[in-house]
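Reviewing the structure listed below.
By letter and in written order, the chains are A, B and C; residue numbering begins at 1 in each of them.
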């Protein structure tokens, strides 16, 4: 039995039934990691001789006590945090061990993984392609079975998009569902920690572990997420699935559209009622996002001065510098009202779009990314083009609602994810729909040849 | 042309909460080892987030209410962005567009005793920075102070005389101490003053198009001197036809003059925006709760003393100066009732004797003294000496205690003399005799 | 909206980001393009729309005034090489307060 092929739930069961030991489990993952990491560049730090716990990979933007944390940046080279993120602490309580810290775009700023100061992570389905970003290493670690599951962060799509491009399950919880304490802030009003897993059930379990009120994140909601003990409903009878016109317009790759439309048909076959919805302010999502996000970035990255930790400010990569300057400008005297305040108002309209749409449906579905994984280097010199690839993930981030990507097929040999968005704090429904779909299809069983 | 000063004041006061504003570190940083009261939050480490201290907010609102402010319906924390080594996050969590309290006022007196109302623009909550020490071209940083809660009180430019500023600052200090929100010690930096000073021709309605900020001045006296100097300097400059500009100046006490610290060209652009890590504050509904928990303020107490006890305004003013004196005065009044001592008598006694009542003992003594004075009291030293010796003989334990340094012992012995004479004896004389006897060892 | 090289330089100074001449040109070009794109927000009617700064809907999230653990001095200074007698050290700055 190849232990690295097991899901989290299967792994827990196997350990409980003593089919294998934690030592064997850790050895299997370590060997897999040794074999694959040199070509995929997933881990920035990896545990040498772990023998205990269930090995999980943690995005290197989430702080780990006494374990180097770089956020994919040269400016934090050698930084060893004196504390754990709340989510990490909660995993440790569940017998999870940190097998490695995963590569990511510098400070989670990027959609391809190429903005890491430590070199790009490669897509396991085609090593010449990007894995998506910014949780590039976490997505690839799961896709290539180099961990049981991973944690990532999603600010404008950074869990969902690489999950889609690498063919794994990725969940961005509602903003306020999971404590952000210890996730190095990119854009504070948008950042959210979430799981990247081999199955939907695994994502559900990890969410239960890491979510809930925390005395260290004031924006964390006081409500618990619990895995329901009752059997999952196999069909989707009574579920209304909204399909937004705006997510199927110009820019959407034909191959991706075909796969996503097939998936929606499958939902219908499972009993769901498909309704058309509109999200009229979708086209402004990226513009709003780039003002709100970069403004918060400019402030969040001001602490990196090289005095108390890390290196000096000349060590920022070019995307970090670009966003810091854009945000500094948007907040500066004379521009605040036209940029920052204006964007905050349009954000309200985007939020209202979803509220209205959810009067007609229970979940909203569409593509995660307009294309499949693109070639390494293809968009690095055109930041705007790179930004536009997040058009379908950004609006949900701005509205704070939960969203996930579940594998739904392939286009020209590369994975495509189906995005499922839900009402605020209603992860339950999107996980139910995703799991029914997953159980009725076999996409998750197709693995990259490595 | 005649000129008149236009002065506004910004006061920062550090709150005396147990923990810091946004983290659980111990807030009392005074003379502690450097960087021993820090955590990921107040050290601004990557990943850390703020969490607001409720007590600090309550104290900020108390200050606002004491200054007759409105508590706003919706308040927000905001980030004030600038780079300085004492500011670990690269921004200070403060308030700008959405302060907690607005539109208050406080009455002040100038040196001639004229009363005028100073409008308070805002009372807002923020956090302190770390502390820098400069030596040998290096800057040393201690973050123990980083994140200590700070309240800023900003007036409208309503002051027209330095003596008003002094009175205002003293009244604020008194209010802080009454509310027990801060020790308000200027020298320790608990309370910091910044004045904005400019002058305009008498009769001109608009504010001058410049203002000079006076900063880092740590006493009421120096601040008054600095403002006086600045008014003179500015009028002279204008009379010479010079143009005055926005700048920051400090006070050199040796030369007794202000000096330039920063000119307008270096002015900051703080890029304030709502702190995304903290939900909004809706404290209007808490106003009643906070009001109920608030102590009586000096002004109100003074008026009550006048009406309730029939004492003079002058006496009342002295009695309310320190919260403790007013408190014990009222205790003394209660005790005195049994012996038909009038509050006026007590007030006169305390004020004339310049007594600072700070303990229960002193209260008792004051009451006893007045009670004794009214009936035929024993003044004869020989008689007193005799009684004292008797009491000493009967209380060997108290004598022993006294020798071991127990101060209460003296009280017990005085009490003995009082009982023996039914209070009809000059207490001060008793004390003198008693101490002399005890110290000389002239005891059985 | 265009950002000319002078404006880029001003913004870089405000942001405390060291930039080379070459970078100034590059950022001027890239940021101008991004701002041009962002300017489409001007066409959205936001009259009477309240801004969204925080989507949680929470308010008055406050903690009791209780003291917790702090880092030791050693832990606090662990990640810097510039330290002296328990202090962090940086190059001299003038007191400005």
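We adopt the following convention: a residue touches a chain if its C-beta (ideal position, glycine included) is under 8 Å from a C-beta of that chain, and two chains touch if they have at least 3 such contacts.
Small disclaimer: the values here were computed from a predicted structure and weren't measured.
Undergrad: Between A-B and B-C, which chain pair is linked by the larger number of C-beta contacts?
TA: B-C
Undergrad: So, comparing each chain's Cα centre against the centre of all protein Cα atoms, which one is closest?
TA: Ranked by how close its C-alpha centre lies to the overall one, first comes C.
Undergrad: CA centre of subunit A versus CA centre of subunit C: separation in Å?
TA: 24
Undergrad: For subunit A and subunit B, what's the span in angstrom between their mean Cα positions?
TA: That gives a centre separation of 52 Å.
Undergrad: How many angstrom lie between the CA centroids of subunit B and subunit C, rounded to a whole number?
TA: 36
Undergrad: Would you pick out the residues of subunit C that each touch at least 2 other chains?
TA: 14, 16, 53-54, 56, 58, 61, 63, 71, 76, 88, 90
Undergrad: What are the residues of subunit A that contact at least two other chains?
TA: Where subunit A meets two or more other chains at a single residue, that happens at 79, 82, 189, 215, 218-219, 298, 302, 305, 307-309, 328, 332.
Undergrad: Would you mind listing the residues of subunit B that make contact with two or more other chains?
TA: In subunit B, the residues touching two or more other chains are 40, 43, 51-52, 83, 85, 141, 269, 271, 276, 278-279.
Undergrad: Quick check: in the complex, which residue numbers of subunit B touch subunit C?
TA: 17-19, 23-26, 33-40, 43, 51-57, 76, 83-85, 132-134, 137-143, 215-216, 248, 261-262, 269, 271, 274, 276, 278-283, 286
Undergrad: Where on subunit A is subunit C touching in the complex?
TA: Those in contact with subunit C are residues 78-80, 82, 175-176, 189, 215, 218-219, 221, 281, 283-284, 286-288, 290-291, 298, 302, 305, 307-310, 313-314, 316, 318, 321-322, 324-326, 328-329, 332, 338-339, 341-349, 351, 383-384, 387, 399-400, 424.
Undergrad: Please name which positions on subunit B make contact with subunit A in the complex.
TA: Going through subunit B, the ones touching subunit A are 40, 43-52, 79, 81, 83, 85, 88-91, 141, 269, 271-273, 276-279.
Undergrad: Which residues of subunit C touch subunit B in the complex?
TA: Residues 14, 16, 53-54, 56, 58-73, 76-77, 84-93, 95-97 of subunit C touch subunit B in their complex.
Undergrad: Quick check: in the complex, which residue numbers of subunit A touch subunit B?
TA: 62-63, 69, 71, 76, 79, 81-83, 85, 180-185, 187-189, 215-219, 295-296, 298-299, 301-305, 307-309, 328, 331-333, 336, 340
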